[in-house]
Each structure stands twice: as structure tokens, then as C-alpha cells.
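Two complexes come next, and they have one chain in common, chain A, joined by chain B in the first and chain C in the second.
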Partner chain A sequence: MKIEILGMGCVNCNKLYQNVLEAVKQSGKEAEVTKVEDIKKIMSYGLMSTPALVIDGVVKVAGKVPKVEEIKGWIQ
Partner chain B sequence: MEEKCLCQPTEILIFPCSGGSNVGQIANETGVKLTQNGMGKFFCLAGIGGHVSGMIESTKAGKMIVAIDGCPVACAKKTLEHAGFNIDEYALVTDLGIEKNHNLNLDPSDVGKVTDFVASLISKRGEL
Partner chain C sequence: MFKYLADNLVYQLMGIRPGTMLGEALDFFFYDTMKVFFLLFIIIFGVAVLRSFFPPERSRKLLGHRREYVGNFLAALLGIVTPFCSCSAVPMFIGFVESGLPLGVTFSFLISSPTVNEVALVMLWGLFGWKIAFIYTATGVILAFFGGIIIGKLKLEHLVEDYVYRIKMGESAMAAPTWMERFAYARDYTKDIIGRVWLFVLIGIGLGAGIHGYVPMDFVLKYAGPGNPFAVLIAVLIGIPLYSNAAGTIPIIQALVEKGLPMGTALAFMMSIVAISTPEMIILRKVIKPKLIAIFAGIVTVAIIIVGYLFNAIL
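Our next item is the complex of A and B:
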């Protein structure tokens, strides 16, 4: 599973990154988690707001920071 | 190109139909003018119709959805509703006395008229 956190490095982006790491840890799933801070790459997803969470190429959420439990629901 | 953080949520999302007629293009130009005037942000209706996940999720993050259709076929309204979005403010160009034709040489006064109308809708809602 490939998980990308899209954002240019603000507080919310970092919070989302931490929540994703925690969700992966709690779920026991194997996942490659990467931060994407390049605006051109972010825009390539059609995003108009960040932070955003992309799982296996699909944008799951944008413009807000989902809780750990919500993220676990997407990666189970 | 200036790199601008996208972390501030876009409050007002503007979806013109951008259709292939004078009124569709007046709707499109209205979206451009409103964005340039800081009234909201032009969003991609085609991305909604195409189920582009980034566009869909970005739209969910918005606070107000404004749809502008050129004619009563209402493609912008139908596309947004089909994707499950509720439209907060709606404008129909032909309702403002502008007749539909296929001349794409737009009259700037028509664009100004529609822009003023949609701006007033957005402003009124902002006062609520």
C-alpha cells in the first residue's frame, strides 16, 4: 500500500503525517508512507486544497486533517 | 509561477458551466472575473464530472458552492448534484435577459451584468 501526504509542510500537513503513521502502526498494515511537498505534484492530483491524503493513487480527503480512527478505516 | 500554500481552505467555490454558447462562455468569464475580484475561486466542473478524486475532495472542503449555468439545460447544476453536492447559490444567465446564441464574441456588458448579479448573491449570503 502506498500512502502519500500532500502539502507544503505546514502544521496541518505535519499533523496529518503523524496521524497516518499512528494509523499504520495501530492497524499493523505494511505501507510506504511519503510526504509530497512539490506543488506541481500536488496539483497533478487535481487538488485545490491541502493537506490531502492519497492512498494508492486515490485522494481520500483534502483540506482537513482526519483522525487516526478515520484513517484506519481507509487502510484496513 | 509563485508557489502558494493551499492549506487555507477555499471558502467559496465557483462552478461555471463553461458551455459552448454565448451564455456558457459568459458564465465562464463570470467565474474568471469573480475569482480575479477575490469573491471566490474558480473550480473545475469537468473534474467533478470526471470523478477526479482530488477535485471531489477539494470541493467537499469548501464552505459555499456557487453554480453558474448559461441556459436552462443546467449542466453545472446537474453535474454537481449528480456528484452529491448541494448548491448554495445558483445563477442562470438566460434568466438575466441574455438570449442564448452561438456567437462567442461576448458583449462585456453581459459579463458585467452576470458578474454583478452573482457577486450580490455571494455578498448577501455572507451577511447571513
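Our next item is the complex of A and C:
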């Protein structure tokens, strides 16, 4: 599974990154978590709000920080 | 209802005599605190639900290829309801420019979005009444409209960083949220905002209550009353670096208005606090050149000063 966190390094982006790491750890899934900070790449997803969470190429959430539980629901 | 509760709490439960300075200040504090927090919960929740219908991607579509004037007005209105956070300022800016939106229209959005924000609105409504809150909102929209038009007329497209024009935006495919998701978003949003402002609100109301109870009636009149022609100018210059403390400043301003601060000066002060925010300017530096940031800040500052003098003359 490929998890990408889109954002240019703001406070909320880091919060989302931490939540994702925690969710991955708790679920015990194998996942490659990467931060996407390049604005060209972020825009290529058609988004205008960050942070955003993309799992296997699908935008799950944009413009807010989902909770660990929510993220676990998506990666199960 | 809140007046009754505050009166009972201070004069009955605490046993402080009405008419004393301490009594007045405490009564004022409890009354304002209850009223403001009540409004904060209700209005921020409501605004958040409304906002869930207008993510920036939607605003971008709604604005489409609109030209000046209509575009500026629509952008100013959308700026109120589109969630804005400095985290998203850059992707939003690029998204608008990429869709072919004129620079001036984009700036109408950028001016209105922070200026007309729900926290300032609640504080104004709670402490000054809905009329002033409405005047503030309308002024914010008008300011954004004209500010954007002026920037558009100046033809400053070359002051946008070159790479912005080279970015191609992809298609987003996000499902529309369900009502449950909208409410969950609104709940989290309300919690987040109140968590960030509650302390400032309490401190602000506390200081306001102190002024209300202890500062003599004509104190402000002497220094910043209608007799001082520079009051608006000075108020705006003080307000600019106070960013993000609208919650704490408005109660103090309200107490000062009671002591003779003219309404126009007060409104200009409040606008300067929220409209020109240093964090936003720093982030926008990633997409526009310093000269455009300076022009943007300059236009907004001058416009707010004019608004202050205008309202002092007519209110």
C-alpha cells in the first residue's frame, strides 16, 4: 500500500503525518508512507486544500486532519 | 437571559453590591463571557456546515473563467464561506491562477477570506449587535471587491512567480460528504477554533470588563475621540501586527467604544487586525514577488484607513 501526505510542511501536515504513522503501526499493515511537499505534484492531484491524504492514488481527505481511527478505517 | 444569569451570579450568589466598580466589572465579565461563548458554539458550527458545501475546489469551478467586476464580487462572497487557512494559501492561489482567473479576482478572494472570518463576526455580533456585524461584513466584501479591481487594473501578472504559470492542475475526484460527515467536520472545526481562541476571549473580556468598570467615562474621548484627526491612522498601524487576536481585541475595543472611541476608528482597527496577516504574507511570498505583496498590503491598508474616516463621518 502506498500512502502519500500532501502538504508544504505546515503544522497540520506534520500532524497528519504523525497520525498516519500511528494508524499504520496500530493496524500492522505494510505501507509505504511518503510526504509530498512539491507543489507541482500536489496540484497534479487537483486539490487546493492541504494537508491531504492519498492512499494508492485515491484522495481520501483534503483540508483537514483526520483522526487515527478514521485513517485506520481506510487502510484496513 | 444572560443578563439575568450574570446579575444573579454577581449580586446574589457573590453578594457584591450593585453599582460598585467591582460589581459592574464582574457583571459585565460574566454577561459577555456567557453570551460570546454561546454565540461562538452556534455560529462557528453553522458556518462550518455551510463551509462544507464550498471547498476551494468548488469555488474554483464556480468562479470558472469569470472576468472582472462580476468575478470580483463573487470571489469576495466566496471568500467568506470558503475555508481558509494559511496551510492552503499557496495551492489555492495556484489553483485559481491555473483556472484562468484574472489576478484581480484572485486577490478579491484573498482579501475577503481572512477579513470576514467567523470569529470576528461572532465577537462583533455578541458585543456590538448584529447591525455592526453586518456593516463589518458588507464593508469587508466591498473592500475585497475594490481592492481586487485595483490590483487587476494595475496589470501585475508579471509579479507572480513564473513557475506558477507552468503548473498544470489535475482532476480531483472526491466524493461529496454525507450529512453525517458534514456535522462531524463542523464539530471538529468548532472544537478546534474554540480551543484556539477561548483563552484570548476570556482575557479580552476580562480586560474589557476592567475598562468598563474602572476607566473614567471620557478617558478615550480625550485621546482618540473625534477631536483627534490621526486616530484612525494610528489605530490601523497598531492593528496590523496584532494578527490572529481578533478574539481578544474586540472586547477591549468594545469597552473603549463605550468610553468614547468613535465607531469608524474601532471598525478600522478591527479590520486591520484580521485583513493584513503576516503569516499569510510570508506564505504568499512562495507564489508572488515581494513587490506585489507590498502593493497588496498597501492597498488594503489605505482602504481600511479610508473606511475608518468614512464611518467616523457617517455613523
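Quick note on the criterion: the second predicted complex is superposed on the first by the 76 of 76 C-alpha atoms of A that agree within 3 Å, B and C clash if a C-alpha of one lies under 4 Å from a C-alpha of the other, contacts with A are read in each partner's own complex, and residues count from 1 in each chain.
By definition in this document, contacts are C-beta pairs under 8 Å (C-beta built on N, C-alpha and C of every residue); 3 or more make two chains touch, one makes a residue touch a chain.
In this text the structure is predicted, and so the values were computed from the model without any measurement.
**Student:** Go through the superposed model and pick first if A:73 touches only chain B, second if only chain C, both, or neither.
**Tutor:** After superposing on A, A:73 lies clear of both chain B and chain C.
**Student:** So, does A:10 touch the first partner chain B, the second partner chain C, both, or neither?
**Tutor:** Once the two structures are laid over each other on A, A:10 reaches both partners.
**Student:** So which positions on chain A get touched by both chain B and chain C?
**Tutor:** Chain A residues touching both partners: 7-8, 10, 12-13, 39, 42, 45-51, 58-59, 62-64.
**Student:** Where on chain A is chain B touching in the complex?
**Tutor:** Residue list for chain A touching chain B: 7-8, 10, 12-13, 39, 42, 45-52, 58-64.
**Student:** Quick one: in the complex, what on chain B touches chain A?
**Tutor:** Residue positions touching the partner: 3-10, 41, 43-44, 47, 52-62.
**Student:** Looking at the complex, which residues from chain C come into contact with chain A?
**Tutor:** Interface residues on chain C, with respect to chain A: 55-57, 60, 83, 85-88, 90-92, 94-95, 98, 163, 167-174, 185, 188-189, 286.
**Student:** If we count contacts the way the header does, which residues on chain A are in touch with chain C in the complex?
**Tutor:** Residues 7-8, 10-13, 39-40, 42-51, 58-59, 62-64 of chain A touch chain C in their complex.
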